[in-house]
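I'd like to ask you about the structure that follows.
Read from first to last, the chains carry the letters A, B, C and D; within each, the first residue is number 1.
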Amino acid sequence: MKAQKGQVRVITGNAAAAYGAMLCRPDVATSYPITPMSEVAEQLSTFRAEGLVDTEMVEVEGENSAMNVVAAATMAGGRAFTATSSWGLVFMYDAVQHAAGFRAPVVMAIANRETPGILAVSGGQQDIISTRDSGWIQIIVEDCQEIMDSIIMAFRLAEDYDIQLPVMVNYDGFYLSYLAMPVEIPEREDVDRFLAPLKDQPQRTILIPGEPLGCGTHGIEVGFVELRYKHCMAMERALQKVDEIDREFGEFFGRSYGGQLEEYRTEDADIVLVTSGGASGTARTVVDAKREQGIKVGLVKLRLFRPFPRQRLVGVLKGRKAIGVIDRSVGFGWNTGPMYMELRALTPEIGIVPMLSYIDGLANLDITVPHIERVVDEVYAASQGKPYQEVTWIPLEE
Amino acid sequence: MKEIRIHGRGGQGAVLAARMLASAFVAEGKSVASFPMYGFERRGAPVVAFTRVDDKPIREKTQIYTPDCMVVIDPTLMKLPALFSGLKKGGVLILNSPNTLKDPPNENLSIGGVIDATKIAVEEIGRDIPNTCLLGAFAAATGWLELKSILSCLGEYLRGDILQRNLRSAERGFEQVEVIKW
Amino acid sequence: MVIKHKFIIKTEGAWSDANQLLLCLDTGSWRTVRPVSDNEKCNYCGLCALYCPPQCMKDMGDHYEANLDYCKGCGVCAKECPRDAIVMVPEGEFADEGSKRSG
Amino acid sequence: MVEKLKKKPRVYDYFKEKEEQYAGGLAWCAGCPLELNLRFVPKVLGKDIVIVGCPCCSAPILYGQNVGTWHRLSYYSTLMTGVASSATGLARYYQKVGKDVTVVCYTGDGCAADVGFQPLSGAAERNEKIIYICYDNEGYMNTGVQRSSTTPLHAATTTTPVGKESRGKPTVPKNLPLIMAMHQTAYVATATLSHLEDLAKKLVKAAEKKNEGFVYLHVFCPCPVGWRIPSDSSIQVCRMAVRTNYFPLWEAEDGKFRFTHEVASPRPIEEMTKLIGKFAHLKEDQLEDLQQMVNDRYALIKTLCDANK
């Protein structure tokens, strides 16, 4: 059974996010502006005004309220969507943790942008890193089509009875939010069909007016520990679930993204690059070019950041001669890239090989082809036993 | 090291008693550590407070599971099943109660200090705040510190007329406690 | 990892359910005084029951009596009674059936 | 033998739900009017309401403990920063699926006037169909009597102590009910526990007006422990607050004001402050300050009510 061919339209990443949400018919959604994602809110409001969807649009007065609105709506039994970016995401952080603790299956699109401290109305993944321990599932996508598809998959994941966890779909602010690309928009009934399995699952516990049921309770001593443990077990289950849903999406819509991560030309690779987000696309072109120059390099696109795909990463990184990690954010304290920091933790399982951390693409700076070429050359040199430096801030070395 | 566990209800001064006791031991050059354990603060809700005393600095940060001495500020707490859990053999009980104790409420108890601290507090302070009176009784029944150490530290916590009334309450606790040896 | 603990919370998230367990505090033990109503003075106006914060005044047909399991001895009933028919009496004087405060 | 009255107080006629929804023994301090207030609400509004609450004095009762719960009401707990917004999420979902549900927010002044004011104002401006009840105990009492923006002028709290250099709270309190009325939502009213029939009428009106838009009830709710009042005098303090015009009882429908209880000859503020320990340190000048504030605020609300005559 295959979905019908969808209508192809050239739309921005933001619009793709709005389409993804609209197609899943959320009961409640919020709109609040923040550069670079405001268009998501505008587009959703337009869909509502045109009657394309009957979502209750709540024009909240701030992101903190946005998260509280959608979390409550899901706990009442509804489907809810919201979108924000950096400063907005950290402003709602108490409610973000609250939603995760409640196991509220909210789906949130985030156009990634630098976080407060230094005003930067510009792209970077610091907001993902700043909320990586919030208990949310975090997915990072590469292009506009993947934004839309991932939001549809995110509802299947979040509302799955075995998961019941909120999901962030992260896409690069500016580089993807404003990037216009052809996007195939599936037919409504096909999305309904893809989400239909959720209806056959048991009904999750929801608020029932008049029933003596309290949503959110004092976790007292071991009761609290139980809930944290269950939360971690759900995260554990999400690893397989992400792969399953991606496979199912591929069989039905003809597009799949590898689930937890995607491997590109890693079969015989001596050295491997690890990237996430839009830079992964640029990295593919560099991998092809370097392959022609005889360097056996492969790419891992880290798509699922939380829960962290340890097993699959060990599978693809074990036995390589050297690894290069490009981070679009800063790991304060380790003073390396944060994703590099997490991959270092796999050393006991993948063996001690040179692992190089690259910080690039902050504050809208571009992770260019020459930058990535330099990474391949240095990682290759390191694999040949040449000395290397652990951390490279590429923009500062130009 | 001596471990003292104080049981009371919100508003009866259990937390303050633990702190005052700690200050009193410091007056005799001891090392101390004292902290309370309660959920939400509510007048009347059960509260437990801990004080550890030793010659060398205290490093443990846990609750007290094997107390050497129990101070029970509210007699109705005597019916709590786990009240005496972990009490060391040869333990001491300081109890605020109008009635004496014939036999020990727990087999590990060997000394009982019983006093109607509520009556003394109402007479001296005008309100049922029995904590300082029980500290006086504690000094007499355990002999672990002198009354004047307790009296000297009350000034850190109370002032003026309230201080004077509490000093008298502590003195009467010291003089009028019924010390029972089991 | 061998989990010995028997989970008490059956739901994924934190939910409490009165159908499973309705909790109740022994606030009656908080009292130091209790209300005593004088049937001669009381004209059964019901204000004591109306203003009682724990709403634990029992209607005895011609006067009200506090439910001693819950009454905290706050004294609002005595204060609000227009005919001063209720007096707050120290618990010590009730070493009888109603009191749980036998020392 | 005195003649026994036949009729019960009229307030009981307003009860839609006679059965007590809460357990008998609850963790409120002895004499706390908040306990009366919270037990009173579902009796008038009915037991099918959904209460939205946050950490505050009523949290140890409204929240369950692990699976156990202290009452039989449907309850949603959230953050102090998220009460009105969470209620919006619930109300909007129920409207979307066509269920007529009364969502009642229930917080103290710390949430409503301070940290949760932004979502409260947002929900009011959007005229969301919810009832927001604030019990104003003029400070953060659950955490130990710290000041809030509704703590009165010159009042002593643990964070506005009386000392050589300072004598209580130096600023006037935020006039939250009036601010909320300025949002011109469906219904705003003030109420207190000494005037239970007035409160009952306003809860009944709230249930109606909630179908048109946002309802805000501001309930004056003294804290015996925090204000240093004897446990038996909390209702008396409410009464004196009304009689001194310190807390006038009024309502505003779609921005039109009306007194629901006018005090013929208001008593001097001293008759209330003398009952309350947190004002015990007030000297003549501070007492005059407070009286002036009460007079000014009363004149303002009177003007608004007269404008509507």
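What we mean here is this: contacts are C-beta pairs under 8 Å (C-beta built on N, C-alpha and C of every residue); 3 or more make two chains touch, one makes a residue touch a chain.
On a predicted model such as this, the values are computed, not experimentally measured, just so you know.
By count of C-beta pairs in contact, C-D exceeds the other of the chain pairs B-D and C-D. Legend note: the chain whose CA centroid lies nearest the centroid of all displayed protein CA atoms is D. One finds 40 Å separating the Cα centroids of chain B and chain D.
Work out the mean CA point of chain C and of chain D, and you get 24 Å between them.
Put simply, the C-alpha centre of chain A and that of chain B have 57 angstrom between them. If you average the Cα atoms of chain A and of chain C, the two centres end up 54 Å apart. Of all residues in chain C, those that touch two or more other chains are 8-9, 15-18, 22, 25, 27, 30, 72.
Residue positions of chain B with contacts to 2 or more other chains are 39, 43-45. Each of residues 212-219, 223 in chain A touches at least two other chains.
Each chain pair that touches appears in this list: A-C, A-D, B-C, B-D, C-D. Chain contact summary for the complex, chain C toward chain D: residues 8-10, 15-18, 20-28, 30-31, 40-47, 50-56, 62, 67, 69-70, 72-76, 78-80, 83, 88.
Across the interface of their complex, chain B is touched by residues 27-30, 59-60, 142, 144, 225 of chain D. Against chain C, in their complex, chain A makes its touches with residues 101-104, 164, 204-205, 212-217, 219, 222-223, 226-227, 230, 234. On chain C, the positions that touch chain A within their shared complex are 5, 7-9, 11-19, 22.
Looking at the complex, you find that chain B touches chain C at residues 9, 43-45, 75-76, 78-79, 97-99, 128.
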